[in-house]
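To keep things simple, chains are lettered A, B and C as they appear, and every chain counts its residues starting from 1.
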Amino acid sequence: MKHERLCGIIESILFVCGDDIQLQTLADALGHTIETITEAVDELEQAYLHDSRGLMLKRFNDRLQLVSKSDYATYVERVLQPVQRQSLSQSALETLVIVAYRQPITRQEVEAIRGVKCDYSLQSLSNKGLIADVGRKETLGRPILYATTDDFLSHFGLRTLKDLPELPANFPNTDNSVQLSMEIEQA
Amino acid sequence: MKHERLCGIIESILFVCGDDIQLQTLADALGHTIETITEAVDELEQAYLHDSRGLMLKRFNDRLQLVSKSDYATYVERVLQPVQRQSLSQSALETLVIVAYRQPITRQEVEAIRGVKCDYSLQSLSNKGLIADVGRKETLGRPILYATTDDFLSHFGLRTLKDLPELPANFPNTDNSVQLSMEIEQA
Amino acid sequence: MAFIFESKEFQGPLDLLLHLIGNAKINIADIFVSQVTDQYIRIVSQSEAMDMEEASEFIQMAATLLLIKSRSILPPSPEETENPDENPEATLIWQLEEYARCQQLAAQMQDFEEAASRLFSKLPDEYPLPPPQIELEGLTLEGLIAAFMKMQARFLGKEKEGLAPNRVIRLDEYSVPRFMGEILRKTKRGSLRFTDLFSENPSRNEVVTLFLALLELLKLGKLRVSQAHSQAEIVLNRNNKEVQPLET
């Protein structure tokens, strides 16, 4: 290990914080470059692979969080009250998938694909912090554009959007869908 | 390590738990004897001694808690409480000049020179450790006397107060000001 | 076919159609040559206990299916363009395919969600922190001197304009000791009516200060006041028993 002490320090900080923390915050506070911090974090991640370690790193975008190892989750739940797991409803999940693959996207565009009103599921995803309003589309009515957040990545254990499951062939193109939905509505 | 996996499982449980936990609870949940659990915990404790680890065990009686390593406390503090950078406002600087050249000086005397209320800027300079309360003037109302601190010298790179630049001409004279302010009050 | 329809079981009309296609074991593209569309229309028309809010989307789809059915029976109208993108059959098939992929991805995402939910985090520690550290920046002697120069310029500017500092103005206007002296001077020659103390248009500040001065003189026993009755003028007189007047 090249950055032994730094690994220990980062582990200590992540432990106390509990929450996720930005790499930049660590770099600033510890007076290291992002590169050095990233190297140490990679080492730490590597060390956690060992069976004798009960922790692992959850990395998403430029964020970092210390979590318990998923392999040992059943043991954790044996000792502690079953930790509450919140999963998303089918309709929220469908809406989220569309936003994830077609971001930034408007409500109308999401609805064109799902064929149903999505105000409620967009609102609920927004309240959960999984998606956020990222601006307005420069078109008639200037509708709100939605995109996924860092919390979205964390909720699904993804490091970046590139880790999303590969898009099946012929996945709908949003622009087409809008056009389609207009036709459907006027049909 | 004899109990590698068990060490990892215990670490996982202690991490999620946060609080202290009884050895017996671990033994019951994991289906091991207290002796085996104790052996694993000893191994874990040993492993935490390494610099690359940021955690340590707090053991008391038959209880066990995972805590951050005290050696790294200063780094944790740096992240949780970053140093705040601030600069002084024009009014604070003016007040500071007056205190620096006319110390020890009362608030009334500073106000007589600046012609405006100075409670706020004196308070803020005092909070920043640049000036301090050094006693009371033996006059009506026994007002607080302010003077600059050693921090003041170090911030401005001065060795002693004698290193302050020579007083430019026409600097309002405190004695006069005091006299004026006294007149106001006693006229 | 016994099918009890509960709109809540389906995520909208596309979900129901896909369900029927799945039951019929056909390709999405074969929807119009199968019994699926008829089944759909029958299910929607037979279901009575449908919430209008949710039903509207199902009914709209039924209308689209009916339109498609009627088009297959009637000869195409002459105005109709031959753009395949604009015919409702192609549109619906495309939408169904889109939605089917979306459901497929949603299922994969559910697996991710499940896996991620096995990662437990920990609550932040209640960590005792020292008082916050403040680092002052931009503190230079030059800055200090500049502040001084600015202040001095302001000072000199005021003097040049002949403006006496505020404090001198206040001194001339109202002060309890000054008014005390004035009252004593005015009562030297004999009794004085209280109202005569005030200037023509006294400010609130003047009235209050004068009144305080009067009270102070009464307290010190330097003055007497008398009044014939409660509505009468208050008259002030020097207390002659007082040996040492304030002003000499």
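FYI, contacts are C-beta pairs under 8 Å (C-beta built on N, C-alpha and C of every residue); 3 or more make two chains touch, one makes a residue touch a chain.
Bear in mind that the values here come from a model prediction, so they are computed numbers and not experimental data.
Taking the mean of each chain's C-alpha atoms, the chain closest to the overall C-alpha centroid is C. The chain with its CA mean position farthest from that of chain A is B.
The centroid of the Cα atoms in chain A and the matching centroid in chain C are 29 Å apart. Averaged C-alpha coordinates put the centre of chain A at 36 Å from the centre of chain B.
Separation between the centroids of chain B and chain C, computed from CA atoms only, is 32 Å. Shown for chain A are the residues that touch two or more other chains, namely 15-17, 66, 68-69, 73, 76, 83. Residue positions 120-123, 125, 127 of chain C are each in touch with at least two other chains. On chain B, the positions that touch chain C within their shared complex are 15-16, 18, 68, 76-77, 80-81, 83-88, 90, 93-94, 96-97, 100, 112, 114-115, 128, 130, 155-158, 164-165, 168, 170-172, 180-181, 183-184, 186-187.
Only residues 1, 4-5, 7-17, 21, 25-26, 29-30, 47, 50-55, 66, 68-69, 72, 75-76, 78-80, 82 of chain B touch chain A when the two sit together in their complex.
Considering their complex, residues 11-14, 57, 61, 64, 67, 85-86, 88, 91-92, 94-95, 97-99, 101-106, 108-110, 112-125, 127 of chain C touch chain A. Residues 120-123, 125, 127, 129-130, 132-141, 143-152, 155-156, 165-168, 170-171, 175, 177-178 of chain C are the ones touching chain B in the complex.
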